[in-house]
């Protein structure tokens, strides 16, 4: 399999997947306005390239929470990758490792977190939804901590699951062969097909998590905590005050609250509020190397890519994901050369017109 | 009957109705620019959700002119609902009662105001057009007051009827079976089909109503008065000075003066001018729970929903209207959870980017 | 013939006319961007109607250069109306008279100015292009002055003819039966078909007319002078300094310089510069009564309507033009009622959001 | 061959060219957003024409680096014109000479620079890519200097070649008959077909050229130096400091870094920074005489036109290119007349609304 860019992947992957699975991956909340704007917002940020810089040698690497990455593109947490490919999260993890970046494993992974861990260098991050039964979460966090995960990604934009109308119309439920492997105490893995996803989620996850629970989280698990789903300066400032270790500016890929501000538009106020005290990342709509460059110019230290990874996975497993990541890396490399940037540090805000 | 959201209702209801009736309900004035912009304006207000708030328990209730509502969504006044369903305004009223909100009965109702009243808890509001023969209006207001209506909604954007070109092309007139039941002295109900609606309206209603007539209105009827159709800060301030009890920011669903500002765009200046002294509501274009949240963030205490109620009514009578209202309520509930709001009071202006 | 609004007229008239004639009337310069924007610009000016005004009696009349008009809508000068209907400018003039407004007769009229004059009450205006041979112009102006025309409209946006590519592709020339009747010394009326219009124009008209020539014009003709084609504040101020009697903000209906600012967008700076010292009119894109109201709110005392008159003329001669003018008048009447305006003077700038 | 305007040329030329060649000429980088915006940005700059100026005589001529041009439109450097027409760059050069303007010869010309020179009056400019093997560049510059070229155009927006996905999909390589004639030491002209263009370019050209290399360039060649590809005020100021003789605001016709600011939008900041000290030109998207006028109003002293020249060349060789240039000249002439400008110096910034 081969493709020219990440934008054409969705159409290529569509015939490889059952409609309901494709829709689950591709869709967003309600009218999918944020889903679309996440992408369009990148296209309307204009670039002001610098010239006559010696760009023969570019360095795309960065350090994030102590880990060295070859490129500022991480894999976003995505549920149930077993629906895309039999290798599921394992293939994704291997691809990320092969390009030297970090994969974020979802609470709703179809492969147990422990089984993914050995495939990952640098060490992966683990995405957390807090269960109403806090004991379940405590148990899982103990496992991922023991397995050597590098950080927790606490998703804060999902007290309840957003209404994704494609899934409602499809009465979406994962195929019987794909089960949640982390979301219950080990030994009692529930089959995902027992309930539709939204019902499953609502029944188990806790809509009552607050800033205070960060103390609890830090007590039960010593890993660095990254909040995913912050789009406001005041929440960003509060996160720093509460000792959070990183932020991901995100609207959950447009899957939660429709008409939320596009991620790249929320980034500047968040990065300005954080003022360099902790790393800020962004996800949602990243499809081009120029998008990565724009995100960095606007204050991100790295981005996460989501759906394109699933399309690559569906099309060609680990190799497909690898091509997604290398395409983005190569495009970023070219964009840096054309903007007169030799390092990520040289990607300054004056390169963009918001 | 079942549907996923309010936006798909118009297309679902269309085959259930004669073309001329569908057009009368769906259409707007002239080029229907305001009709469309009412809706699009909501889509372009972006949300800035707050995170890490304990939103396990949400309270959507509010108090309006002394009545307790389960949810800040009222039913807008709409004429001749008998054209949509044999039960007409009765079905609508029962549905509103079943979800604990207020229905506004139109002067041009096809069911007499007295017959609707018993179906309503909380007590309904009555929408008033002033007749050239003020005695007719006095008589009607005496009836609705006696019947226990809770408030008058004086429509102020209709000194003459807007030109709705669909109706002109269709030479629209209500079917013989549907008659105006409030718009004449009791005992002499005119059959609506005697004349086309625009002619009927112009011949009977008074284009000379002014601020001074509010005194007259208060003399003949002691109910609280809500003005419907205000879009300017100066008119809003004057309304407060004249002792008006509430305002509805409205352009009559785009049916009166085309290219009037979209309702949600007019709301901030009105709510700023009123400064909390009286309740401000808004109608026109509300189709999503996020729209309700945006309206409240911009200063409304509640919204009114119009056409979707008619579509629900046409599709399934009382049950259809109930589903319209519960869908909107459930979407608002989810939107509040995802914005970190437990009560309507927590829906503050910083949640939106205008 | 009957129609619902002026926007549908172009499509209705198209089959009544030879393609090249239709294109000559309908088309604009180059990419027809200004042609389209003239219209769209009106649609994006939003209205802020006032409520609770006694609008039972509306007065649309106005006084312009001493003449009383029933309605602030004049007929713009348009060439060769004989191509639209056998009665040509005579039918247009009679229709304008029947609704009590002024018609502007073009230098390129297909009926002699003297023959049109008796049909007109109030007295018509005469549109002037200055010939390279000033004697021709002097002779014509003597004729129109003697005939009792009320004003001269000097078109200042046409030192050379704009490139209208439809005409280029059609190798447009008027049909043999239609001749210019004013554009040459009486007794030697050239047949229009002798040359294509652009060649004809360039060969005869003077690209060297300047502000100084206003003195000459005033010497050879004592009629008031209205400049047509001003879009800038500085030119407007200069016009007042030179004793001009009126201004028409115009881009020649998008037929001269493509991407010129839309007329309604140029109006405020012109009316602000003039500051009420002389009347300011506007043409280009007026199709709705709300457009007239918007123009007046932004400083015009009246508008001119062009192409719709030609479509009415093509469809039904005098009666067609009359319906165009009465439709616009009736729409203005309704728009005034719905904006709370009883007179043109009450149409203030706060009614619009630019 | 004949055509009405430059915008229709692309469609006319398409059937004359192999798909891969057409795509190479027509295409841009990535999603071709800048390619499209270059054009659209001109359409959204609105004009404010001045009236009543004597414009019988217009003078479009200008002086550029000491040369007299009949019209402020130069031919942009474009590679491999032999793919469009057997006469290639020779036909283009002759056409430019026939209208009295300057042609810029590309490093990647398919006709040797020496062979083009005699066809050119005024003397041509030579576009330079610096080779990794500086000796090659030194050798070429010696040749063009000896041949009598008037200036060097150093392209600074191409340290690496932008990714043009049409070329990737077509596996584009020039046809065997078209070879690079300047890009290697004389005597060892490589056949272009030996490698694909992007590979060829990357393998040979130097991504390490900096401001310091301007000294080297001036040492090996005494011709004036014009930088092509500057879009920022700071780079423009630095260019003046380094003694550069001219600037071309350009994003390489959208072929290098997609989503770079449209050229006409970057022009004002560059011309403001330069403040008249050296000539500023602009290319990218110029298709109309009004575009040329807008560029001059925004600070350019001339523009360069690219793709339309190729389409004219493909359609009719020298005659086709000549028609492209005369069409643009004639349109500029008309636009000046209609804006009240007799000379390029009278095209001031107040004529445009940005």
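A, B, C and D are the chain letters, set down in written order, and residue numbers restart from 1 in every chain.
Keep this in mind: contacts are C-beta pairs under 8 Å (C-beta built on N, C-alpha and C of every residue); 3 or more make two chains touch, one makes a residue touch a chain.
The model shown is predicted, which means the values in this text are computed figures rather than measured ones.
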The chains touching both chain A and chain C are B, D
Expressed in ° and rounded to a multiple of 5, what is the rotation angle of the C-alpha superposition of chain B on chain C? 90
Taking all residue numbers at the chain A/chain B interface, are over half used by both copies (same) or under half (different)? different
At what distance in angstrom does the C-alpha mean of chain D lie from that of chain A? 43
Chain B-chain D separation of Cα centroids, rounded to whole Å: 60
Sites on chain B touched by chain C in the complex: 30-31, 33, 156-157, 159-160, 162-163, 165, 168-169, 206-211, 213, 227, 229-232, 234-235, 256-262, 265-266
With touch defined as at the start, can you tell me which chain B residues reach chain A in the complex? 4-5, 7, 43, 45-56, 288, 290, 331, 334-335, 337-340, 350, 353
